[in-house]
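As structure tokens, here come the structures.
After this come two complexes, each holding chain A, first together with chain B and then together with chain C.
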Partner chain A sequence: MSDTAATLTQDRQKLEMAALSAPAVIFTVAMIAFPVIYTVWLGFQTFSSTGKQSFAGLANYSKLISDYEFWHGLWITIALFVLSLVLQLVFGVWLALVLFHAKRLPGIVRSLFISPFMMPPVVAGMMWLVILDPSLGAANYILQLFGLPPSDWLASPIWVIPTVALIDSWQWTPYVALIVLGGLQSLPPSVYEAAQIDGASPFKTFQRITLPLLLPTIVTAAILRSVDLLRFFDIIYITTQGGPGNASNTLNIYGFRVGFEFFNIGYASALMLTLTAIVFGAVLAFNRLRGAVAW
Partner chain B sequence: MTDAANTDRWIRWLNTVQLVIAGVLIMAPTVWMVLSSFKPSFEVTAYPPTLIFSPTLDNYVELTRTTPFLSYALNSLIVTVGSTALGLLFGIPAAFAVSWTRISWPAILTLAARMAPGTLFLLPWYVMFRQVGMIGSYTALILSHAVITLPIVIWVLLPSFDGIPRSVFEAAQVDGCSVTRILWRIALPLVASGVAVSAILAFVFSWNYFLFALVLSNGDTKTLIAAAFNFIGEGSTQWGALMAAATLIALPPLVLAALVQRWLVSGLTLGAVKG
Partner chain C sequence: MKARMFATHVALPVLAIAAVSVQANAADFDWMKFKGKTVTFLANNNPVAQALLTYKADFEKLTGMTLKVDGYQEQQMRQRLVTVMNANSDEVDVFMTLPSREGEQFAAAGWYGDLTAMAKNEVAKEYDPAGLSQALLKAATFGGKLTSMPMNLEGPIFYYRTDIFKKCGLEAPKTIKDVEAAAEKIKACDSAVTPFVSRGLKPAVAYTFSNMLHNVGGTYIANGKSNLCSAKGKEALDTYSRLLRDFGPPGVVNYSFQQISALYRGGRAAMAFESSNELRTVMEGGARLKDTGLLPFPAGEAGQVPTTIGWGMAVSSHSKQPDAAWYFVQWATSPEVQKKMALQGIAPPRPSVANDPEYRKWIDEEPVRKEWQAALDVLATKGSSEVGYPIVANPQSREFIGQAVQDLILKQKTVDQACADADKALDALIALN
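Right after this comes the complex of A and B.
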């Protein structure tokens, strides 16, 4: 084959490759890239009650700084994020260790373990709404059996965030566990054998050897969960819509309500762009952490 | 020696106990939901809660009688199948091109939807779709849900395409096959199981997705998930019907997920973890 013919086929190949990714790229630009740019523009607009829009400069952002609901929403978002993440990582690692030592895991058991995070979060919300009902729910009955005082759960301004964190952790702890289990299974068995020969206790082995080797996997699980936790929506919207009062009004819920209940699209855009910046910031921070614990 | 064997047995027993506790905690709420859906109406709200009862289908009958459950289900099916098909149509060629050329930005671009809050897209979509009168249309719902399915298809298929030896393609190229032909005739049959997994995951996540249909659907196109509010409204006194609705909505994703449970976790992490 001559040189010109070779470059000709190469050029044709490049063109064909571009044509193959074109539909996905065009779709993503049309449905994501362009709308996000449009949101940036909307963030500089103000919408009157009649739906008329006009340029407002940075008014939405200066409003955000002095908006009590924004800071409250940020606090709720971070509280829910930290609480859920800690619960899911701690119990996820525990569950992974239990599953790892069970050796043989039949498919049916695996299916049962994935069932919480494969069901729609909305269904999880409906289900827990009934279980956690303050007067007739099964949860309070079980508390009573153990002589514990009943709780108002989702109806309590103080307990609503821990309760939502508990529901989300019920859903996603098995997911974290299966990721960590994958990490455990890929560790070289030789490190355990060496520790055993040295006479290290199981706890010491875990603390000094297993945990440090698992850290990159755990951080990966943390990244995947953080992205969902910082934009928490479904379970709260189906159970409390941000209530009681504003006790579970996370930034995502607040932004949604500003946009689609009060139709203040401009201010909602400013809120959502801020939340997006927070999510990307958290991912970047975790990525650095993953680099630091890599081995 | 017997001491060590004893400790060993003790540890194994302790592990089994923990496994059972975890299993009960994970399964109990779902089992409770399904049980409640079969309880006679007076027993659903019985206090103390009852475990033994004579099962009935009344709640399911009540559900289909008092709500347009079946037409919501049909809407869910249309939106989910449509967006899964669109995700596969756009995602398969894109994943192949990314795997072949190692130019990964098209794949990374689609990941933005996995990270940004959905409301960020929903606000401009709402304004845009309203201008062209598409709010409430199946097209708007399918397009919005394809934003969920496309990254799933691309990222689940990437490792599958990467796993095909290059020599297979090079041989086909020497024979004068065009790239498109290589994809459809040679590569695709080799990654058929990957395509199945990606289709099922895309289906599950599109089916489960709440936010977009909440705003972009109307009374005629409302999906099951977006209609959940209606069931809660109905169910304030009718827990049985509410739990019947919850059980039916959760059934398709749970059955499908059980089929692919082995490949599910590596697929869900979008390539971040090889499980």
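Right after this comes the complex of A and C.
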């Protein structure tokens, strides 16, 4: 076959491949691009309480700057994000180590350890709402059994965020543990053998070998959890609806209420695009960190 | 602004015309006219819709139409509706609505189909539109257009434990001051129970608080301005929040109907101020059947001005088959169906059903049902449908009322600070009206 004929055949093959994959590519792009473009467009519109729509330019974004609820929501979002992420990473690594070393743990116990994250968040929210009810719930009953004072839990403006962070950590720590456990199982045994020969203590082995080698895996888990934590919605919506007052009014809850309860879809779109930018920023930052700790 | 007093709205022109025309059109009415069509119903998955949809098959048999039900919890239903209506979609033909909450807003947005002509011209002989609560119909009329047909009648009522009252030497309260005095006495007499419980969750507060405000003689708006800092407004805010703070359960700021009903049904509250719709839930298991008394909320300086609302069925303005949709609305709000629903504990918005012998027999079976019906009779005759501010942004106004009450329950502000902050925010909302 001549060179020209071979080139023609290759071009034809490329064309066929492009034609065959085009519908899937177009569909995927449309499914991702359309909602984003539509939301961007909505962010430049203003809607009156009656749903009347008009072009607003950047008014929705300039309103964000002077909106107390936006800054408050941002602060609550960040506080919840940091608290939950730290809890989940610390306890996730701990749980992974327990599961890794307790090799004789029965399968059912392992399954129980990791079962919370398989529960729908709505069910988890409802369950904790009942447990933490200051009057009817089991949590205060247990505290009182140990002579401790009862707490208002989700009804306290001070304790609501730590309580929500605890609920989310209860649910998602096993997920982090599962990721870290995968990382632990892939670590090279030769490094541990060398450490053992050198007489390193278990703590030194963890500090100097396990943790540094696990860092890329931990950062991956952090990325996955960050996306969810910055968009935190379901458990708060079920348990407090942003209250008491506005003590748990995260950006996502605030945006939802502005859009679907007060019908200001334009401003809600601006809020949600800002939140999307924050999520992207966090993912990019963690990705860079992941690059830095890769081995 | 004056509350919409039910007693003052006895005559409704649109219904008067309808009543005259009914006889002429009823003879031509054919339930099978839209046989083969499919009507989509966006339903709130509450006891009212649940009771109605028990008879879905009856509607399909009667009309030959298919009823497609799209059911959600209340907030999710509104979320779906907003999406559908903003897209000008004809996906939904009929939807459930609370005129007291979103009526002004949806009417101004043009989301309600106009039922005026259909209620006049397209009615079956047995429908009797004039037999529906005139006051609820009035509350569903915006700009002269009838926007929905009432499905039920409801409002917050006062549940109290007769055994605890007897043990503590108390009489049934007649005034708000009696409620406070009873709460004080129960706190000392029976420390195991919560003396008083009502709604503390921010978006839910307005439903019960409005009754308190109206009973003490307060109004939401005076001279075009928010009026919470008036003497009566402050009295209502102070009394409502004090009752919950000093005599309510811990964590009451997260309490809505689910928690209140659970607390009362479990025997852990002596007094509860909650929706008449919760009777069935409260009586589940039968533990409260013999020791509960029911009243409209006790009087304030202005007497008893109970909150009375009702769910309505509206036809979407984007529906491509409003006539077929109307047939479903008509069937669902007919005397026959409303009687069946009443026997399931859904308070009927038709006096004729409320007086039906079969329904009366059901009511007479239990003293607590009799008291429930007596309280509903007061709601029907004296009630106000004003829950929150009578403005287009009513749902948002409820947030600020709830915020003021929560600030007081949590002792984060004084009454003066809480009402002033609320008035400032609410004046801005009123200005947008």
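What we mean here is this: the second predicted complex is superposed on the first by the 259 of 295 C-alpha atoms of A that agree within 3 Å, B and C clash if a C-alpha of one lies under 4 Å from a C-alpha of the other, contacts with A are read in each partner's own complex, and residues count from 1 in each chain.
The criterion applied here is as follows: a contact is a pair of C-beta atoms (placed from the backbone, for glycine too) under 8 Å apart; a residue touches a chain by one contact, two chains touch by 3 or more.
Fair warning: this is a prediction, and the values are worked out from it, not measured in the lab.
Asks: Following the overlay on chain A, give me a clash-or-fit verdict for chain B and chain C.
Replies: clash
Asks: Could you say whether A:Leu148 touches chain B, chain C, both of them, or neither, answering first, second, both or neither?
Replies: Neither partner.
Asks: Per the contact definition in the header, classify A:Glu16: touching chain B only (first), chain C only (second), both, or neither.
Replies: It touches chain B, and chain C stays clear.
Asks: Go through the superposed model and pick first if A:Ser48 touches only chain B, second if only chain C, both, or neither.
Replies: second
Asks: Quick check on the superposed pair: does A:Leu136 touch chain B, chain C, both, or neither? Answer first, second, both or neither.
Replies: Both partners.
Asks: Looking at chain A, does chain B or chain C touch a larger number of its residues?
Replies: Looking at chain A, the partner in contact with more of its residues is B.
Asks: For A:Val191, decide between first (touching chain B), second (touching chain C), both and neither.
Replies: In the superposed model, A:Val191 contacts neither chain B nor chain C.
Asks: Does the superposition put A:Pro157 against chain B (first), chain C (second), both, or neither?
Replies: It touches chain C, and chain B stays clear.
Asks: Mind working out whether A:Gly245 is in touch with chain B, chain C, both or neither, as first, second, both or neither?
Replies: In the superposition, A:Gly245 contacts chain C only.
Asks: Which partner does A:Ile265 contact after superposing on A: first (chain B), second (chain C), both, neither?
Replies: both
Asks: By the touch definition at the top of the document, which applies to A:Leu211: first (chain B), second (chain C), both, or neither?
Replies: A:Leu211: touches no partner chain.
Asks: Could you name the one stretch of chain C listed in 76-84, 202-210 or 328-336 that collides with chain B in the superposition?
Replies: That would be 76-84, the one stretch with clashes.
Asks: Could you pull out which residues of chain A sit against chain B in one structure and against chain C in the other?
Replies: The overlap between the chain B and chain C interfaces on chain A comprises residues 135-136, 259-260, 265.
Asks: Which bits of chain B are touching chain A when the two form their complex?
Replies: That would be residues 11-12, 15-16, 18-19, 22-23, 25-27, 29-30, 32-33, 36, 45, 47-49, 89-91, 93-94, 96-98, 100-101, 106, 109-110, 112-128, 143-144, 146-147, 150, 154, 178-180, 183, 204, 207-208, 210-211, 214-215, 225, 228-229, 231-232, 239, 242-243, 245-246, 249-250, 253-254, 257-258, 261-262, 264-266, 268-269, 272-275 of chain B.
Asks: Quick one: in the complex, what on chain C touches chain A?
Replies: 75, 78-79, 82, 85-86, 105, 108-111, 194, 201-203, 249-254, 259, 262-263, 266, 268, 392-393, 395-396, 403, 406-407, 410, 412, 432
Asks: Taking the touch rule as given, give the residues of chain A at its contact with chain B in the complex, in rising order.
Replies: Per the touch definition, chain A meets chain B at residues 13-14, 16-21, 23-25, 27-29, 31-33, 35-36, 38-39, 42, 94-95, 98-99, 101-102, 107, 109-116, 118-123, 125-131, 135-136, 138, 141, 170, 174-175, 178-179, 181-183, 186, 202, 217, 220-221, 223-224, 227, 230-231, 233-234, 237-238, 252, 255-256, 259-260, 265, 268-269, 272-273, 275-276, 279-280, 283.
Asks: Tell me, which parts of chain A touch chain C in their complex?
Replies: 48-52, 133-136, 150, 152-157, 239-246, 259-263, 265
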